[in-house]
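Letters A, B, C and D mark the chains in the order given here, with residues in each chain numbered from 1 onward.
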Amino acid sequence: MAVHSQPARPVMLGQNQYGKAENRVVRVTRDGATHHIKDLNVSVSLSGDMDEVHYSGSNATVLPTDTTKNTVFAFAKEYGIDSAEQFAIHLARHFVTSQESIHRARIRVEEYTWDRIATSEAAAGPAGPDEPRHSFVRSGRETRLTQITYDGSSWEVVSGLKDLVVMNTTDSEFWGYVKDRYTTLPEARDRILATQVSGRWRFNWTGDEQKAPDWEESYEQTRTHLLRAFAETYSLSLQQTLYRMGARIIDHRAEIDEVRFSLPNKHHFLVDLEPFGLTNDNEVYFAADRPYGLIEATVLRDGCEARIPVDLSNL
Amino acid sequence: MAVHSQPARPVMLGQNQYGKAENRVVRVTRDGATHHIKDLNVSVSLSGDMDEVHYSGSNATVLPTDTTKNTVFAFAKEYGIDSAEQFAIHLARHFVTSQESIHRARIRVEEYTWDRIATSEAAAGPAGPDEPRHSFVRSGRETRLTQITYDGSSWEVVSGLKDLVVMNTTDSEFWGYVKDRYTTLPEARDRILATQVSGRWRFNWTGDEQKAPDWEESYEQTRTHLLRAFAETYSLSLQQTLYRMGARIIDHRAEIDEVRFSLPNKHHFLVDLEPFGLTNDNEVYFAADRPYGLIEATVLRDGCEARIPVDLSNL
Amino acid sequence: MAVHSQPARPVMLGQNQYGKAENRVVRVTRDGATHHIKDLNVSVSLSGDMDEVHYSGSNATVLPTDTTKNTVFAFAKEYGIDSAEQFAIHLARHFVTSQESIHRARIRVEEYTWDRIATSEAAAGPAGPDEPRHSFVRSGRETRLTQITYDGSSWEVVSGLKDLVVMNTTDSEFWGYVKDRYTTLPEARDRILATQVSGRWRFNWTGDEQKAPDWEESYEQTRTHLLRAFAETYSLSLQQTLYRMGARIIDHRAEIDEVRFSLPNKHHFLVDLEPFGLTNDNEVYFAADRPYGLIEATVLRDGCEARIPVDLSNL
Amino acid sequence: MAVHSQPARPVMLGQNQYGKAENRVVRVTRDGATHHIKDLNVSVSLSGDMDEVHYSGSNATVLPTDTTKNTVFAFAKEYGIDSAEQFAIHLARHFVTSQESIHRARIRVEEYTWDRIATSEAAAGPAGPDEPRHSFVRSGRETRLTQITYDGSSWEVVSGLKDLVVMNTTDSEFWGYVKDRYTTLPEARDRILATQVSGRWRFNWTGDEQKAPDWEESYEQTRTHLLRAFAETYSLSLQQTLYRMGARIIDHRAEIDEVRFSLPNKHHFLVDLEPFGLTNDNEVYFAADRPYGLIEATVLRDGCEARIPVDLSNL
């Protein structure tokens, strides 16, 4: 067998974490003939007393990633999935409290939304108590996200969404900007504003002694405020729209202290139809792929500290 | 300059076509403060008298793909976009009738659906006539598809959809199958049945002298029948479910003569929780990625000929 | 339990097939300390006496897709994987000859190429017989493809590749084309020509009594001819380049009778630098995503019949 | 026109940045008949005096993202592209020094590698000085990355790569780990170890007064050390392999102080062939997609501070 002595050490180990990523768990619950589903993608990441596994390959402090996978599926049975947040809290607490070598757990969850398919009978009126209701169509709306971090004493909960695509077909301008040698863009007094929202928001719930938010209600309300702020802002720049979206969430949702958005400006260019003897009165647009503007910012409740990373993770 | 004589010819040119693919056109129409949008991805493919461009590089019969792109955007202005089908019919007719060298045009369209964002005022009741309605969120439901082919005399219209993900959490069995040396699968009396529907349906409208279907109404109705057949079929195999989906469309939609589906069986495996002292009463599933069953079939109106290709195109 | 009688029948079943798609098999063979790997993605598709499974859900003639998956893995052990083609031939023959209800098998394979990682010792000279050689890096060059179809009497073998991206930075022109009302494109006497080749070629080997080609050698030679034809053609249109690529294969590879290519014209637009007081002498290009020209054609040995479908499958 | 007064302010603006992402620039240089290409994807991100654009939509301090795009293409002409790092340094310096309102610039670059296509003549021997050499095939090996950050006084350069897929078919074990109630994994004394390397390394070059590394040479050497450490480590855990890869880079490349890796454990499961009466002596594997182990860590030169973020950005 081969050598596994340590390399000579002018080299240090820094931050490290490990776990099983993208566990695709579907949980069915039954209320008579009515079924409910939760469809999650759960990623586990653990840190702690892990120097030796890096230096010598000793796994004596390592709970296998396969075990973390098993735990996800077992907990779906034992605790059910009331919300992605609640489920991830169960998991994080378990890993940190049950293994001495694990000092911190970070659980990330993607959630996919499903709608019920109306059956022929149901379509004719409200479904009766005995009618089967076990058929679903994936809604395809945005992916809901949460990330729970627990270090044995306090919690950090950052929820959010990605791939929420929105468009205003008017009430957007862009002018009065800096012009240098490389500026050719004409000013715009009426343009399409479209973006694919990636957002994260941090809750001020940090300890078990506090009452936890209603995670499901909080998500739906936050999403609604975000959409309305987008729709109702007369926009002079995407930065301004971003700020209004964040500020509206901070203003209306007392459980949230910090919001960060990453907003690609999905350019819709007005097509020049003059060569064809046609006028284009903001009617026909080319939806471009790349490059795209990218606007990113954090909006904070006054006095709060920013903790969401500058680069939002894709998972 | 370099040589472009023809290679010695024991070699023939077969079927060929060319055009501009994936023109991303967004069309806005305004009804006072209420805006409407159509968001399409249009691909043009032309065939005809094109031997010389292949043999010698002479472009004398070639309308540039760039021109076909311009035509898509100009027609969005000139004709508007009532439906993807109607828009593609305008385009196909134009290419075949305006250029002698073009004998056949095939136009493919992907359509993305957008929902309105309810603003704060609107949310409190029906939107008044003066309230702005120009804000949209992409619905993320399936992608709608159409393909129009025109050869100067008759039309072929094949519409459909892709990425419609559906699930039944019960009323699915699988047993009584052939067993050979390599069979290990246990029979199932109650399983999840889930698939990502890719479907195409061919209309019997072929000529300008016939009244054309209401394309928008036809799509919504066909989609509804497809979903209900999926939801209402007690399934002994995915093949049976597929057939019912197709048969229900043929039965209810007189304008459609042929349907083809490609249905990946998105396996949801019941997780074995026994090692953890837990029972899994059809509650916790692992959603697998690959491999997947793949079930494909055509369903036809009696006496009609099948024309949709065996392999559905992804675009 | 629910009803599964047949629907009233003005409806017929057309072409149908089923199987397990995307079985990801990696086969290791060992020659002392030197290991070899084959990395395949295998999709099985079977047809035959399958009416009842569609009409009534009876699985009496259905070999489960799970069994076809098991067979792929078992055959990797029993027969090894000399080439994707040879492996798929074993599988297709097995399904058709071992099950009465299966009349046709189509096996598709994607193959991923790996290169050896040179170790420190090996790098200093040729690897000695005892040096370990079990480390690989995925090459990332194109994906190799094959499709084997067997109906119990004759074989059809179509091989090919996808995602082979090539570029000529000169020796490409485009002019002399048709101009209509919607034409704005300026003629080009020196442009970049780039494409992402998707190609398929059909072998004239159809029966066990014929000597089969050397599949590995054939692939490497065909790929080389394709690349050289691309590089050595002074191009007046992408159609001309496509034809030369196909003709060169037909000319040089006697085992191949038909070639079809789907070539997206990956536009590289010369950037207008004049506004910045700079000239752009074919030096700086913008690589565009969409839309793209799409050029598709079949090239045939004289007298042969075209059988590769117009739309190349992505798998 | 609509209102754009500021919202009442219990809300603060935090970190923010903006720019044009994914500018796809291809630069051709010509040395007689021999052409050279650089193929980059450049993303610009600027920060500075940007409060007002968020609060009121005033663009008075905003250089448009469109201008940053133009600058990328103009600089490709004015400065050429010796290396992704050098090109990004030019850009970052320009934005910070030419605009008072811009205090920090971060430039990210993806680079795609192309190989020459050997032409028929060239293949017969070394290419002569007059033979055309303007044909390329994209290599498909990993994507090279760099990120340059400049605040007007010091530089941070983090380079790296993604999508480098590697595999050892032996010399990997995994045993001796923690077992809890949810552990079912059997210990392994000989397994496949495969991963898709995402790595970033930070240079200790921070100021113009220091001699800059040879960026091209540094990349090739670092990649080689990474690959060899992977190949030559007899692995008891992926963490150990990760550490060796990082330590070898720190040991051999004096210009690098910090390395971070994110290594998905691409599981290859030994297929159980016993039900078919076959033994599987580490020959046949199933390559799984999800879930996957995910191992992440930083390796540092002794005494240096870690600055690469825990979550590696995908772009």
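Going forward, a residue touches a chain if its C-beta (ideal position, glycine included) is under 8 Å from a C-beta of that chain, and two chains touch if they have at least 3 such contacts.
Note that the structure is predicted; figures quoted are calculated from it, not measured.
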Applying the touch definition from the top, give me the chains sitting in contact with each of chain A and chain B.
C, D
Proportion of interface numbers common to chain C and chain D (over half same, under half different)
same
In terms of CA centroid distance, which chain is the most far removed from chain C?
A
Rounded to the nearest Å, the gap separating the Cα centres of chain B and chain C is 23
Using Cα averages as centroids, what's the distance between chain C and chain D in whole Å?
29
Report the inter-centroid distance (CA atoms only) between chain A and chain C in whole Å.
37
Give the residues of chain D touching no fewer than two other chains, as numbers and ranges.
23-24, 70, 74, 171, 182, 184, 275-276, 289-290
Show me the residue ranges of chain C that touch chain B in the complex, using the header's touch definition.
1-4, 7-24, 43, 45, 50, 53-67, 69-71, 74, 98-99, 101, 171, 174-180, 182-185, 234-237, 239-240, 242-244, 246-248, 250-251, 258, 260, 264-265, 290-302, 304, 306, 309-311, 313-314
Under the stated contact criterion, what part of chain B meets chain A in this complex?
23-29, 35, 37, 39, 70, 73-74, 76-78, 114, 117-120, 123, 132, 134-142, 163-171, 192, 227-228, 230-232, 268, 271, 273, 275-276, 278, 280, 282-289
Okay, in this complex, where on chain C does chain A touch?
181-182, 184, 275-276, 289-290
